[in-house]
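In order of appearance the chains are A, B, C, D, E and F, and numbering begins at 1 in each one.
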Amino acid sequence: MKKDIFYGKGMSHVKKDYPDIYSAVVELNKAAYTGKELKYRTQKLIAVGITAASSDDRAMKKQMRSAMREFDITADEIVDVLRVVLLTSGMPPFTKAMRILYELLE
Amino acid sequence: MKKDIFYGKGMSHVKKDYPDIYSAVVELNKAAYTGKELKYRTQKLIAVGITAASSDDRAMKKQMRSAMREFDITADEIVDVLRVVLLTSGMPPFTKAMRILYELLE
Amino acid sequence: MKKDIFYGKGMSHVKKDYPDIYSAVVELNKAAYTGKELKYRTQKLIAVGITAASSDDRAMKKQMRSAMREFDITADEIVDVLRVVLLTSGMPPFTKAMRILYELLE
Amino acid sequence: MKKDIFYGKGMSHVKKDYPDIYSAVVELNKAAYTGKELKYRTQKLIAVGITAASSDDRAMKKQMRSAMREFDITADEIVDVLRVVLLTSGMPPFTKAMRILYELLE
Amino acid sequence: MKKDIFYGKGMSHVKKDYPDIYSAVVELNKAAYTGKELKYRTQKLIAVGITAASSDDRAMKKQMRSAMREFDITADEIVDVLRVVLLTSGMPPFTKAMRILYELLE
Amino acid sequence: MKKDIFYGKGMSHVKKDYPDIYSAVVELNKAAYTGKELKYRTQKLIAVGITAASSDDRAMKKQMRSAMREFDITADEIVDVLRVVLLTSGMPPFTKAMRILYELLE
């Protein structure tokens, strides 16, 4: 269930053609998102922050979309994440993430 | 108050010698950590995640230490953040962060 | 005045919906581009270098365009910046930046 | 000969307009791909790994395409490189590289 | 067996305190280094290239040391990897990696 | 002449053991720092900015030291560069660079 969320097109090929990689990714994903203390939802916010900070358009968009769809994370919550991105990573990733967020909202 | 947490030695020089930069950083820090929805504590976890993902030893250490001291964030909570770092950023930042965490715990 | 240059679409939303962030960014921008010794123009060249080195298409393009429009920075000057990018950051960001520069020139 | 492989559109402009940079890049490229022990083909696999790890779409695509065309590097070999990318750099560059690989294969 | 190579101090704590993460990492490591076409040794060279390119001192050192110890990878082979790092990632990671290599050789 | 400035210990080994790489680096360095319009001194400031933004302690320190020694670049000028780093790359590289600058000044 959790595993279905993170994956895009690339991974459906992996599942079929490289099942050993796929299965390792499923395990990794499960270990990553089964926190002892933090909720999955909070971990998702952290994933949004990390991908936004790394300025990767596609990963950022995928994380934000899944955050909003699967976890009902609000725009204000994402902006609260992006505030930290602005502080730790500067203007270019912040403005890029803001633009992507508003595109998703439209 | 919030502003005292994030800053290290470098910033005390900035405060004295470059007050205009210092004051902009204070404003930035305030805007960053005054979320509309997320608590400061949650934003701190996000800052831990971003600095760990970027593999910057010193920033990572400073964020983890302040997370544990100022917010009583537990080791398990930090590990829950690092689970996301492992997934999104790979083994080298994860093992580095784990080593730093255990050094701080000792 | 200076503040109008750096900002793209994302920031107009920020101005309206998150005025506290906007105002912190304006302060940050002012402190950033009000050097004690270096001219704004020279700082702009540095911003072109940093965004080119980080291989971020959009930020690179925005910086180059504003450099050429607002400061009459020439193509040769930008190439002089990109020479340093080649040395410090390798071929991929250099060729990407060169391609973007020539697209802007056409 | 080797020099023709790595270069895209940006470099044809450089050749004409900035011959001193072009000639330095040719020298650099020759030194880079004239290993003492490793074959050019193996070095190419390393270049695929590095550009994939850095999450740069365009460089990644160019390297993969040239790897497959000039060196008859197979999809399975590239996936073997991407396995290392998954381990060292996490899911986002891995899934991005997988998607690009399958686009090239189609 | 393969799993023992990549891990440093951080991971022994993980094994004891977070067995679910440890077990996911073991799976990941196995999938990463069990290529269909490339030998483990070649994949190791790729791991050296990626960690050197990312300028991470500690990861670079660990990878180089394990490359030389476990796989009898020679200094000349590592330099052949670093040639590609110079081309793709510029002087700072190249000179850093060279310095670390010579420290390991002494 | 220019070539002697950028190089550290790593490169003296390269000169002796890998003369082909050394000679390519000399050419690269010459092409990089022989701008058509910008002075070498300005290009040096750009190199300080790029290495500071990439958060690489050692490269940053080497660039700052050579900037101050070889070009009489002042602390205020370096801070003017770091203002741009703060804006484009966030607090962690800025505070790190500030700390290194003050260590060099002492």
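We take it that contacts are C-beta pairs under 8 Å (C-beta built on N, C-alpha and C of every residue); 3 or more make two chains touch, one makes a residue touch a chain.
What you see is a predicted model, and the numbers here were worked out from it, not measured in a lab.
Asks: Note down the smallest number of touching-chain steps it takes to go from chain A to chain E.
Replies: 1
Asks: Identify the chains adjacent to both chain A and chain B in the sense defined at the top.
Replies: Common contact partners of chain A and chain B, which must touch each of the two, are C, D, E, F.
Asks: Centre to centre, using CA atoms, which chain is the farthest one from chain E?
Replies: So the farthest one, by centre of C-alpha atoms, is C.
Asks: Most remote chain relative to chain D, going by C-alpha centroids?
Replies: B
Asks: Roughly how far is chain C from chain E, centre to centre by C-alpha average, rounded to an integer in Å?
Replies: Here the centre of chain E sits 35 Å away from the centre of chain C.
Asks: Please work out the Cα centroid separation of chain B and chain F, and write it as a whole number of Å.
Replies: 27
Asks: Taking each chain's centre as its mean C-alpha position, how far apart are chain C and chain F in Å?
Replies: 20
Asks: Do you know which chain D residues sit against two or more other chains?
Replies: 6, 21, 25, 28-29, 31-32, 34, 51, 54, 59, 79, 83, 86-89, 91-92
Asks: Sort out for me which residues of chain E touch chain C in the complex.
Replies: So the residues of chain E touching chain C come out as 86-92.
Asks: Chain B touches which residues of chain C in the complex?
Replies: 20-21, 23-25, 27-28, 30-32, 34
Asks: Would you pull the chain D residues touching chain C in the complex into a rising list?
Replies: 6-11, 13-14, 18, 21, 25, 28-29, 51, 54, 56, 58-59
Asks: For the complex, give me every residue of chain E touching chain F.
Replies: That would be residues 55, 79, 83, 86, 91-92, 94-99, 102 of chain E.
Asks: Please name which positions on chain E make contact with chain D in the complex.
Replies: Touching chain D from chain E are residues 6, 28-29, 31-38, 42-43, 45-47, 49-51, 53-54, 59, 74, 76-77, 79-81, 83-89.
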